[in-house]
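Take a look at these structures.
Next come two complexes, and both contain subunit A; in the first it sits with subunit B, in the second with subunit C.
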Partner chain A sequence: MHTLTIAWHTLLAFFPPDLSPSYLRYVWLPVAQTIGMASAGMVVALSLGIPLAIYVGTRAPGWQGIVGLLSALRAIPDLTLAILAVVIVGLGPAAGMAALAVFYTAMVGKVFAELFLAAPQAPLESLRATGAPRLAVALFGLIPLTLADLLTFGSYSFECAMRASVIVGAVGGGGIGTELVGAVNGLDYPRATTLIIILALLVASVDTLGWLIRKNPRIALVLFPVGVATMLLNPPQVFVVRHAFVTFAGMLPPLLNPKALAALPALLWETLEIAVGGTALALLLALPLALGAARNVVHTAITAAVRRVLDVARAVPEIVWALIFVVMAGIGPLAGALALGIHSAGVLGKLFAEAFENVDTAPVRALEATGAGRLPVVAFGIFPLAIGPIAVHTMFRLEWNVRAATVVGMIGAGGIGEALFNAQQHMHYQEMMAYIAATWLLVILADVVGERVRRRLGWNYVTT
Partner chain B sequence: MLSVIDLTVRYPSQAAPALQGICLHVAGGERVAVVGPSGGGKTTLFRAVNGSVLVQSGYVALEGERVGEARGAKLRALRRRIAVIAQMHDLVDRLAVYQNVMAGALGRWSSLHALRFLLRPSGAELAEAKAALERVGIPEKLRSRTSDLSGGQRQRVAIARALVQRPTVLLADEPVASLDPARSEQILALLCDLARERGLALLCSLHQPELAMRYFDRIVGLRHGRVVFDRPAAKIEPEHLVFAS
Partner chain C sequence: MPLPMISRRLLVEGAGAALVASMLPIAARAAGAAIRVGMIPDAGATQVSVDEKRPLREYLASKTGYDVNLVIPTNYNATVEALGNGSLDFAYLGGLTYVQAHARYGVIPLVQRSSDRRFHSLFITQSDSAVRTLADLRGKNFAFGDTNSTSGHLMPYYYMQKSGIDPERDVKYRFTGNHPATAKAVEAGIVDAGAIDESVFHAMVDGKQIDGSKVRVFYTTPPFVDYVWVARKDLDAQQRQALAQAFLALKDPRDKTLLDILRGKEFVRADDAEYDTLRGVARKLSML
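For the complex of A and B:
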């Protein structure tokens, strides 16, 4: 009861937000920087990621090697990349952009490649049979066959990039992330609330932009001038590079003292518990929410309300939820799992709802024609038709959450991130690299297991 | 059994009506083919019979009950009595064959019953699915994955689902459009046998007039939304069919 009272009073301290004109004038520049960094990251990610995905999707020679490389890159958390980028490129938006570019090239490349590989093969075979070259097969087969999912995932990853753009700021990558961490660390909760509201509005407008892009993909071209301008305005500080290489060389080889090594398995286990617990909580919340948000399942008056709830859960990054839950529920893995669960429920809820809405209409209409009611049509048609994307999204989320679980530790929400952050703060760079390597292996393991489970879920529904 | 009385349907986006003053009666056990060029109104007619298109004037009646006026639960109750077999694309791939077959029973099951069946089908339900699949000639596919079936097998599963629905009217919209000639004939023979054996009113749209003449009692020609002829198959003259090809 006492803890609940404390939690309640902490929550009250976040209100009302600081909306004074002087503060709003002040945050304008960091907000613009955050948008620009996300756009620049996506410009690089799309220009490099799509060609790589096409190369993999057409099963060109050595495509497995590219998948391996992309998976390996993707397995390094964005915040960790940002810490490294800050060391190499120097403080400021250039570091943030570099981290986002690397991370989202790997993400776009890998996810698009998976979608291409999962595309129906028969139409592609018939294209190949005409003697069409690879690029033609991609343009006339792969991309049209997977376009709905490509656009969904492309705009979704732009949303992620916008949130990540805030996150990388937290370790010196520029933008409102730096402001937010400063406000929370300075116990200036009203300004933190203002920044969280701005963040939510930002993500909501990116959501709308994503919807517009799905309707008219040409709108995505807006990203290019914004991204390129931000890159030109924020060049890396070259003189830091030489120093950075020296520092980077000092981080190698990764090394742990015996005591830290003995504690490592328990740390990894706790990280996994945060990730699995968070994903399970998210799945439990997301399935009913997604049905309530799918316009082909319930009335649009209800979907609009449910979607706002999902938007709020999703707009606030795990790290920020973790900041709030650590303040409210105390330091430890529970705060981490709650943070991942709430944020992922928002992400999965939206993706599941889109999966429900994207199902083939012919079988659903056939079921309705038998006189079946709403719930049976969902159970026999919409749900099984969407189970593939649902399994894929959940497994991707679990992978993502393993990564996120390593990151939330950095602000006291448990797991390996705490040790990583402490090593970095004490400039024990070899130890830090050892934790990064352990994180990396953990994420790769999650990737492999995810792949297997995804495949099995696809089959399980049939063989009751 | 099934009566279409002076039916007119007009889509908002089009100047010409999709159907104009259609009159049609199909008795139980009678097998009627609808032929005509694409865009002649065949699909609209089927949708009107199934109550999924707004009717401007006239009506469709099933054993005296008007389909167009029903809404909600009443419409669902009427739809339960009309089984629809479309082209082979209307099965849920990810379900097992028996689950797709028993989906025909969804109209008479409660939602709870439907969910329970997905989790744990009873022996009686499996037996019913098996019997339906036996009637269409593929009992061995009971537990197969639907996506593993060939086009002809999928069409048989769709027919089995229609049987489980225990309808009084069977609507088949281009049921053989994507099948080869030998399979097409098997499927049409099966549909016609079932209609006779269970006393169903069978209304089937077809592209191939020669198949229509071979298997059906009566042939209705539909063009520009109007009935251009409606006569027994035996009395069809070659000139009737020129327009359809």
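For the complex of A and C:
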């Protein structure tokens, strides 16, 4: 009871947000940095990722090797990359951009490559039969064939990059993330609330931008001047390149002392607990919320309101929820699981609602024709029909949450992420690299197991 | 015709430069005329906390003749690494971060507050709590500040051990991240007790940021050497002198505004030899 009272008082301390003109004047620079970092990260990701994906998609020599490399890079959580980048590139947005560029090059490269590989082969064969070179096959075959998916995924990854730019900021990569962590650490909660509101608005605008880009792909070109300008304004802070290499070389080989090695399984287990607990909580919250957000279940006046709630839960990244819950519930795995649970509930709620809305209408109408009431129709018609997609989305979320659990750990939510962060803070870099390697293996393992399970159950679904 | 000899170092640097340049299309470039001064985030790091220190920035700029950029990185480690990779010229470090930065990057100690020579950590608890001595901490929830903090972690940890309390077994501890957060956590009863920097604690009580009647000091550590202003190793001696002189020239009460920001009364020259005891403790607790 005492703990709940404290949590309640802490929550109240976040309100009202500081919306004074003087503070809003302060934050425009971090906000601009965040937008710039996300754009620059995407510019690099698209410039490097698309050629790589085309190389793979045209099955040029050694394409399997590139797929392997991209998958391996993608399994390193973005916050981990940011920690490395801050040590190597120096403080500020340059480090954030470097981390985002690497992470999203791998993500864009891998997913675009998969889309290209899955493209219908017949039209490509006929193009090749005309003697067209690879590039022509890509430009006139692969890209037009997959354009819709490319645009959907491209805008989705920009939205992710915007959220991720907050994550990398949290360890000194600049922008709103740096400001937000500083505000929370400085007990400046009303200003933290202001920053969270700004972040939610940013994510919502990116959502709208993504929608515009899908209608008119040329709008995506605005990313380039913004991204390039940010890169020009924020060169890396290191002026001795050699230092970066010496520092990095000093991190190798990864090494754990016997005591730390003995503690490793428990840390990995705690991270898994955060991931599973968070996903379970998300599932519990998302099911009722999704029913409330499905337009074929309840009135649209209700769905509109429920959808706004889901938007907020989703717009705030896990790490920001974790910052709040660490303040409210204390440091430890509970804060981590709550953070993953709330954010994932926002994501799953939206996806589940779409699953409910997309069910085959024929069986539902047949049920309605029997004179069944609203509740039986939902319980015995819509719900069972949507169970397949719900299971697939939950499974994907669990995989994602394994990665996210290591990330929230780094700001005090326990597990291997916390050990990683402490090792970095104490400059035990070989130990840090060992934790990075363990995290990386855990994420890869989760991805592989997830894929096996899906394949065995015959759940073939477009992946992102 | 024989190819010109290319040294291995040049090759490594060339490849390195190419990699960085491809990762970020801007080649690394030297800093401009401004000197960059960093401060560990012992009381949080935001645009606002930088702005609260504006009088300090303006003073340093007028005394040294250089433009001054004041930066508060989000964590202690980032401040040390920034001195190593050249993104900061000067920094305000805690005792532990100083010995780490000195060992890794040979940073040069310049000046410190006279109080830093004989600094203390305070152990605090709620006024009505039953905790009276370190031994009473057994089985309690305890807060340290940042894991790299001298007065918020290293020294309190050491003196707990010395008095027969093993922090790993006898208490349940956590890191709040900084000193004000520790004070707040104790005041609110989120933890039973905590260890805090004396200057931050007194400043918070005086500034009414916490209620002095709700929190009580139950143990004060023996003195140790703590915070220090440093320069990175290869900074030119003239700039180093200019900054040191600016601090040494501060006089109470004439410069009260600045001294309040710095939570001190006067500045003296710092000496690496003073840190030998602290270095020993840090090694013993494998934090160096």
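Keep this in mind: the second predicted complex is superposed on the first by the 339 of 464 C-alpha atoms of A that agree within 3 Å, B and C clash if a C-alpha of one lies under 4 Å from a C-alpha of the other, contacts with A are read in each partner's own complex, and residues count from 1 in each chain.
In the analysis below, contacts are C-beta pairs under 8 Å (C-beta built on N, C-alpha and C of every residue); 3 or more make two chains touch, one makes a residue touch a chain.
None of these values were measured; they are calculated from a predicted model.
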Original post:
Looking at the overlay, does A:179 come into contact with subunit B only (first), subunit C only (second), both, or neither?
Top reply: second
Original post:
For A:188, is the partner it touches subunit B (first), subunit C (second), both, or none of the two (neither)?
Top reply: second
Original post:
For A:372, is the partner it touches subunit B (first), subunit C (second), both, or none of the two (neither)?
Top reply: first
**OP:** Identify the partner contact of A:98: answer first if only subunit B is touched, second if only subunit C is, both if each is, neither if none is.
**Re:** second
**OP:** State whether A:426 touches subunit B only (first), subunit C only (second), both chains, or neither.
**Re:** second
Subject >> Contact breadth on subunit A, by residue count: subunit C or subunit B >> reply: C
Subject >> Set intersection of subunit A contacts, subunit C complex versus subunit B complex >> reply: none
**OP:** Show which residues of subunit A lie in contact with subunit C when the two form their complex.
**Re:** 2, 6, 9-10, 23, 26-27, 29-30, 44, 86-92, 94, 97-98, 101-102, 170-172, 178-179, 181-183, 185-188, 191, 228, 231-232, 235-245, 247, 330-332, 412, 422, 424-427
**OP:** Could you pull out which subunit B residues touch subunit A in their complex?
**Re:** 50, 52, 75-84, 86, 89-96, 99, 103-109, 111, 114-115, 118-121, 143, 145, 158, 161, 165
**OP:** Using the touch definition up top, name the residues of subunit A that touch subunit B in the complex.
**Re:** 360, 362-363, 365-373, 375-377, 379-381, 384-385, 387-388, 458, 461-464
Original post:
Tell me, which parts of subunit C touch subunit A in their complex?
Top reply: 9, 12-13, 16-17, 20, 23-31, 41, 43-49, 51, 71-78, 80-82, 84-88, 100, 104, 146-148, 174-175, 177-178, 180-181, 184, 188-190, 287
